[in-house]
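One structure, as structure tokens, below. Some questions next.
Going in written order, the chains are labelled A, B, C, D, E and F, and every chain counts its residues from 1.
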Amino acid sequence: METMARVTRKEHFSAAHRLFDPALDDAQNFARFGPCSNPGGHGHNYRLEVTVEGPIDPSTGMVLDLRRLHEAVQELVLDKVDHRHLNSEVDFLRGVIPTTENLARCIYQQLEARLPAGRLVRVRIDETDRNSAEYGRSDG
Amino acid sequence: METMARVTRKEHFSAAHRLFDPALDDAQNFARFGPCSNPGGHGHNYRLEVTVEGPIDPSTGMVLDLRRLHEAVQELVLDKVDHRHLNSEVDFLRGVIPTTENLARCIYQQLEARLPAGRLVRVRIDETDRNSAEYGRSDG
Amino acid sequence: METMARVTRKEHFSAAHRLFDPALDDAQNFARFGPCSNPGGHGHNYRLEVTVEGPIDPSTGMVLDLRRLHEAVQELVLDKVDHRHLNSEVDFLRGVIPTTENLARCIYQQLEARLPAGRLVRVRIDETDRNSAEYGRSDG
Amino acid sequence: METMARVTRKEHFSAAHRLFDPALDDAQNFARFGPCSNPGGHGHNYRLEVTVEGPIDPSTGMVLDLRRLHEAVQELVLDKVDHRHLNSEVDFLRGVIPTTENLARCIYQQLEARLPAGRLVRVRIDETDRNSAEYGRSDG
Amino acid sequence: METMARVTRKEHFSAAHRLFDPALDDAQNFARFGPCSNPGGHGHNYRLEVTVEGPIDPSTGMVLDLRRLHEAVQELVLDKVDHRHLNSEVDFLRGVIPTTENLARCIYQQLEARLPAGRLVRVRIDETDRNSAEYGRSDG
Amino acid sequence: METMARVTRKEHFSAAHRLFDPALDDAQNFARFGPCSNPGGHGHNYRLEVTVEGPIDPSTGMVLDLRRLHEAVQELVLDKVDHRHLNSEVDFLRGVIPTTENLARCIYQQLEARLPAGRLVRVRIDETDRNSAEYGRSDG
């Protein structure tokens, strides 16, 4: 049976956001998104997990040096979102409703361009202890 | 490479149960299930995770509104199991030995009938911090 | 040796905030508060713990019914802060820099007025997994 | 300023219970205890923390050998409550409504008789992730 | 749609290790592994999760008795690694750089030989709260 | 009733250690410390909590800037113990059996000398999820 190896790096960031569609007014946004559409916004401590796959390099014993993965996530994601407002201050979220699903998808796309092809498996985000989303390869 | 999005909702419930097969006597049940067959029963704080898959709707940024998923889990599962005895008080567990595996399977079947076809991926239950079971699509 | 009993209720809320002093400009606020003063704000999943002391009532086996404590915290605190911006939308935080220390102090004062005299021991808030504050009786 | 050292051992057990006063009927019990009085019972994964104080013995570097504390808790508490029904199967809980407060108090009394005088500081029990009780020295 | 059931057992062990390649000198090892190559070593509380798949046996309600799985993990893994130095004291790690990836792979191979064919799905190890690795079937 | 405010900063480090008294031989050390005296050593992910007390400064809303506390802990503790062997590589532990109690005591003394007088309340260390020690003011 074929086997595979994966590594996962977990990071954290704190940000504000508001769920709303600029094409709708506040009442319509409240109907769609409930208290998450509060015009003053609210925020979360987000937990971010990035999973990468590949052969274990015999000279290092690693799939990928997690310090390198950490540096990529720091530069491409954390430096842009931590202590920021997700609706207005993040280039890679422009024009996107900042749901957990869209956050996971956009962070996946940020990282995919930087990592060696075929390595990135999945990005998972916990918005709270109860609500999570993941975006990744449909075979992963 | 094909990609996909998933969301997971985590819930909690507290219930009593006893592992035993009514076709066996207490000594035989003890031989099979150990202290989990104690006739007086015991109980757990169960952690329940429900994972759903699908395209991200561009008008909401969501795979599925997690408030809707929460309501379905509340009505179909939590209202029936929380603060209950799983061997005798839960309709969808009638005739079933309430192991973590069977709990996951029966809750999966409860939810599958209500959710849009093809959306439900997996139900996972942590019975304790050390023992868990999941039931779901074999391609998921 | 004298003994005592205490109960603790844990709650959660998600809110946005910004650390800044309106008497200072943005550069001065950045010097004092660093990235926490980002004008666009950021946010957290706050964990709130309320601890109450007293004799165990022999007819209920309780120091205080935690469902009652939950209702008081819901009405006096959570309904006002959850999914809100702490700098502008919370009556009991008006004029206060919303640090974790001040949050703990103001929530303590909210609850003290409602609970029977001498019962409230401490309010503890975890802003993140690394930073916490508590406010309470100096003998508690 | 005087200083002191303490050690804490954390244990777990799973048990069933029901909050009810045998002097009341089911309706009266429901009025007092809500769903916790469900006649079929329910259960929890209890987390138990025992805290002990004393000087650090220079020949061992310890306040108390936590393996010894573990053995005492195992014999005096865990062997009696784990996988049991707290209302009917535990000698040291006989005649007591098994609230978290009473559990903490009775376990404190079980351990106090065994440990060297003046060492036991506090017993804390988490019934769920939201509800906890502690019982201990009023100066601790 | 095909469905499947899985169970997961979580264990813990504490061990020392050092990342280094004996073919390199200390400076070269530092260049490759950073502070993880400190000659004096360091250590971790490792969290180990073993996942097994199979049909739910109707006479037990189980995929596999988790007490049996615990005993196998205890004998084949925990008794060899807990409170040990992974570079020098573990037979199944001889000649291997003890990264999290290699640990997961070697533990998978230890367990695969003992478990019924086709049952073992995956071994996951958390080295810290931030860094994890898993090794398993490429279709799992 | 008098009130007070406290803040707590949580940090992590990974280190190797061995419990043994150099005045004893290996067999005597095993009799006293069990598997913790394994000559090859073992290790842990330590969790460190530092608690500080004081008035809330109205111009900052803080008891103490937790970024300053983090820097002090980084320099005086983490830079010396993280990824190190506690028996041989840490100046402030020289001649001390590195139990959790002694670690807490020595870290308390490291920090007390640096922090403003009367501010440091307590240092708490979790060696594992089950064993913890704290050292601090006997009135705290």
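Rule of thumb we're sticking to: contacts are C-beta pairs under 8 Å (C-beta built on N, C-alpha and C of every residue); 3 or more make two chains touch, one makes a residue touch a chain.
Here the structure is a predicted model, which is why all the values come from computation and not from measurement.
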Steps in the shortest chain-to-chain touch route ending at chain C and beginning at chain A: 1
Superposition of chain C upon chain F: rotation angle, C-alpha, nearest 5 degrees: 120
Farthest chain relative to chain A (centres taken as mean CA coordinates): D
Whole-Å gap separating chain B and chain C, where each centre is the average of the chain's CA atoms: 34
Computed distance of Cα centres, chain F from chain E, in Å: 29
For chain A, residues contacting two or more additional chains: 129
Every chain pair meeting the contact rule: A-B, A-C, A-E, B-D, B-E, C-D, C-F, D-F, E-F
Residue ranges of chain F touching chain C (in the complex, touch as defined): 1-11, 56, 59-63, 66-67
Residues of chain B that touch chain E when the two form their complex: 19, 21, 32-34, 96-102, 104-105, 108, 118, 129-139
Contact footprint of chain D on chain B as seen in their complex: 12, 14-17, 35-36, 38, 40-45, 82-85, 88-89, 128-129
